[in-house]
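Two complexes are shown next, each including chain A; its partner changes from chain B in the first to chain C in the second.
Right after this comes the complex of A and B.
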């Protein structure tokens, strides 16, 4: 056995708190270690070359890369082994960044921990065997969940590229929230027109099936070969899809969660969305006094919405502008924390709104009291350090975006994750912002966090392109980490069958043992853990590997 | 659908261009990537870390750069530019000028012996490090550069510029890669579509004399500070000022953004967050640092950004609402004069280092590029687009992504790169059908 140990500095990230040179030196003396070295960025070209050159020069048959978490550059380092004719599953990644250098500041202790982690990897890798990835055919069709501007963008692109598309929308109409907008800033186009343009293009196409008032009810299978069941008003529809774009949007924040705002109890208190829908019908005096409150349901830890909703400052500006345009003599005052007019043209819009006479007060609102003659708003002006009390005829709440109501349900069906705020979690915010942890399932638009129309379109199309790139190949490789049953040991107790979330384990009635459908197995290892007779094991993660990794950790102590 | 007979030109090798190129290549399209500089990576590769995750920028981008270099569908041309363009049916006949690198790409092993031998070693200001630190006339811009090859700076090489040099580099090069007879190449190529990713420049704050940039030592721009923090930078990542570790930091936001005087009414969208990131980096490396941040509004609008802003404050960065009127020289330090708008007080704060969060400007070469391609620009010089079709330019078949059409952070640039690639794919597919 010839093992190569490569330790990454990750610029400052690891080197800062782990003595990488000492580590490299330490492993150089270890039996079977042919080469042990460190480098500032193993993922860069010189770093990659260092690994491939070493494989060639020393004839390595095991490679340990101690760097960031394996989720980051997993495929990259595997490819290096492939390139040099070494089976990629003889690679062991050891996380000494997320699990070590980022955790503590003590260089000595961190170095010791990194040493143990690497040693553990070294021990485990001794049991590695070459594994083969299986090539499977993929279905060139896509399921799009959500018919808002993002989902429509995705569906249109895929359909334009000749792919079969199934678009599933929960509401009776396509268009999501954008349809309700009278004028979409900054283009000033009507939301309904934007949607109609997209919808007309899509409708009537042979390769696009649109299901409204419908929802996903069941989802099975694996990348390239998923089976989706959709509950439609005309009964259940089942179809095979290669992948999914999830674009189920967001839920407007419901201000009733904050009873102190009196929303729903006084008609003079409305949201930006109400104003958009029925603003023209509001009965207001000739020279109305209007307050616009920013950050309602955003940047508010007390109600579990610590995040910025990204769009509501602009929405607040639009509301203020709309009132000012309709009532020349109106008094409009906007109460904000930070004016986040960041989109293209946003800052100019903010300035123009000020010039139109809208007042902006940086302040905290303490309370809102509806009185017969007007709504009293009390708070503190944080710029002047003064307490104020003012009376208004109308209070507009600029509401934020909350996570989609069906997020959890969809996440469970597709087995994808939600983030701390219940939006969908991307695989990596910069490297893979459209990917989820499940291959072939992508996320787009506001369901992964607040976005405006432009950003949602960008996301919808970019996600769809990712999926297209995967499916257009016509085939895919599936991980070889699948469970295998030892027929001699299996007692046929069927505990594994119940443990399997992927429904990959079927019971062989004839032989009276468990049987794994390789294509469906996700390699989670739940069956291994539950099997009372150790009859089922996970390729690549057999018990001896795990036991020896633990020994490695303990021995170092 | 088979797209292997289609050719797309991607202009610009930053994160936007790289994203578009890799997406197109993954669909089987042949991509030519044109980069005007010696390496791809753009501005992002100059950054030390990226907000809000504090991931190291090189680790995020470098693997994608390597993918570009290795992808069989991508042909990378560095130090190259467009000279002219004529429309040919739905496609484009584009004139390309590949400037000479004077180093044979096939022979160079990037060993670095040539730079060691160069008589100009340590004498040429280093652009990649924002002119902090010096390089030789034959150089590689940074250790992780793609192409991973050296090149000669024709303006600073004594032999190329004056014809007089002992050419020690040629003796030092074991593979005989250096070729001073290299004249570059000029040729025409046909493309079915073009994606522009010209990127951005940062505002030069020299004109704001009151802030002392260029006159007071210790006043630096945000991008210069990135290089100072970066391990591939002039101080190998140690935050140093004249060899000493500064303790008091003052960050000033909105320098050249939201500012009519400097010609930019717009918000640059990245400076609030990169300043918060800088504060975190300082806190991590210099535990007892004093950190002040001047702001108008903190625009922490992206996913996880507001939380990051909060953490920055909790880590002891003091935010002061108000942009300083001036920075002056004090007794062995800098003095920042600022009106704290929340307390109404005029304050004088001592600092060792003042970092100006300089805003975004269109890349200087965008104008020329747009003239050649007949592309409209907006009042600031960014490429003009509509918010509902964010990558469509006025020219059919030419698309734009990233900062070329206005300020964007990395996640937004990645999304726009994907969107531009998708429009480009549709355009090509439509052409194939008709």
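Right after this comes the complex of A and C.
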């Protein structure tokens, strides 16, 4: 066995709290370690060359890369081994950045921890065997959940690329929340028009099937070969899809969660969304006094919504502007925490609105009291440090975005995760913002966090493009981490058969032993941990690998 | 008076790659701190953890072992963590006979709960440290 240990500095990220030179020196003395070195950036081209050169020069058959978390650059290092004719599953990644240098400050302690972690990887990898990735055909088709603006743009992109698309929308018509918007800032186009353009284009395509008033009822399979069951008004539909784009959107914040706002109990208190829907029908006196309240259902720890909804500052500005334009002598005052007019042109829009005569008061609203003659708003002006009390004829609540109501249900069906605010969680916030932890399932639009219309469209297209990139080849490799039965050890007790959730274990009555159906095995390793005879092993995570990793972490040294 | 030397415990954690390991990665990215004594072994699912691994770790000197997986109902492998829960409960009873019940913990941390991960491991570390130092 010839092992190469490569330790990354990651610039200063690892080096500043881990003594990388000492580590490299330390592992040189281990038996079977042919080369042990450190380098500023292993993922850079010279860093990669250092690894490939070492493989060639020393004839390495195990490569240990101690660097960032294994979820980053996974394929990059595997490819280096492939390039040199070494099985990529003989690579071992050890995370000494996310799990060591970034979580501790003491150099000595961290170096000791990194030493343990690498040793654990070294011991574990001794039991690695070459594994073969099986090539499977993938369906060049996609399921799009949600027919809002991001789902539609994803469906349009994929169908345009010649892929079969199934679009599933739970409402009776497509368009989601954008359909309700009278004028979408900054183009001032009606939401319904934007949707109609997209819908007509999609409906005209032969390779796009649209199901409205429908929802996903069952979902199984693996990347490239998922089986989706959709409950439609005409009964159940089943189809095979290669991947999924989840774009189920958001739920507007319901201000009734905060009873102190009197929303729903006084017609003079409306939301920005109400104003969109029925603003023209509003009955207001001649010189109306209108208050606009920002951050309703956003940046509020008490109701479990600590995040900024990002869209509501612009919505509040639009509401203020709309009132100002319709009623000449109106008095419009906007109460904000911070003005976050972040999209392009947003800051200019904020200034325009001020010039139109809308007053902006930075303040916390303490109380809203509906009186017959007007709504009394009390609060504190946080710039002047003064308490104020004013009377208004209309109070507009600029509501934020809440997580989609069906998020939990969809997450359970697709086996993807939600974040702490119940939006869908991306695989990596910067490097894989469209992916989920499950291969072939992507998220788009505001179901992964508040987004405006432009961002949702872009997000939808980006997710679609990523999915297209996965499916376009027509085949994919599946992880070889599946269970295998040793027929000599199997006693035929059938415990594993009952435990297997994927029903991948079948009992051979003739030979009286269990066997694993490779295509069905999900690779959880439950059977491995359950088998009383240690007859089943999960490839890549066999007992000896994990047992020796434990030894590596704890061995006296 | 002789100055007492504080002993730091060693804790081995088995972390499900779909949730707790992800949460630990996130905790790292957010530069949250936790004791160096806590070290993780990545497993595909918490159900991969054979009780024998826990015993092995304790025999080899771990002061504490934890198994961490997805919240019940959220398992990527549908119900792997239910099996884990039952196995760990049985194992805890066994360890109780040796007065070592407190050395083993099972907890659920989703991929988004970096803070919860930190709280759980630091809490466990501190409790075990106190015991180790005769507290």
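To be clear about the criterion, the second predicted complex is superposed on the first by the 518 of 557 C-alpha atoms of A that agree within 3 Å, B and C clash if a C-alpha of one lies under 4 Å from a C-alpha of the other, contacts with A are read in each partner's own complex, and residues count from 1 in each chain.
Please note the rule applied: a contact is a pair of C-beta atoms (placed from the backbone, for glycine too) under 8 Å apart; a residue touches a chain by one contact, two chains touch by 3 or more.
Source: prediction; values computed, not measured.
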Tell me the contact category for A:354 with respect to chain B and chain C: first, second, both or neither. neither
What is the contact status of A:217 with respect to chain B (first) and chain C (second): first, second, both, or neither? neither
Go through the superposed model and pick first if A:22 touches only chain B, second if only chain C, both, or neither. neither
Return first, second, both or neither, reflecting whether A:232 touches chain B, chain C, both chains, or no partner chain. neither
Does chain B (first) or chain C (second) touch A:71, or do both, or does neither? second
Figure out whether A:183 sits in contact with chain B (first) or chain C (second), or with both, or with neither. neither
By residue count, which of the two partners contacts chain A more extensively, chain B or chain C? B
Given the touch rule stated above, what does A:116 touch, chain B (first), chain C (second), both, or neither? second
Please report the chain A residues shared by its interface with chain B and its interface with chain C. 429
Please output the residues of chain A touching chain C within their complex, sorted ascending. 69-71, 95, 97-100, 102-106, 109-110, 112-113, 116-117, 120, 411-412, 415, 417-420, 425, 429, 437-438, 481, 499, 501-502, 522-526, 528-530, 538, 541, 543, 546-547, 549-551, 553-556
Chain A contacts chain B in the complex at 9-13, 15-16, 40-41, 43-49, 68, 72-73, 76, 157, 160-162, 184, 186-187, 189, 194, 299, 306-308, 310, 338-348, 351, 382-385, 423, 429-431, 433-434, 448-450, 453-455, 457-459, 461-466, 468-470, 472
Taking the touch rule as given, give the residues of chain C at its contact with chain A in the complex, in rising order. 10, 12, 18-19, 22, 24-25, 27-29, 31-36, 39-45, 47-53, 56-57, 60-62, 73-74, 76-80, 83, 87, 110-113
Within their complex, state which residues of chain B touch chain A. 1, 23, 26-28, 48, 50, 52-53, 55-56, 58-60, 62-66, 69, 110, 143-144, 146, 148, 229-232, 237, 258, 265-267, 269, 284-285, 297-307, 310, 321, 341-344, 386-390, 405-407, 410-412, 414-419, 421-423, 425-426, 429-430
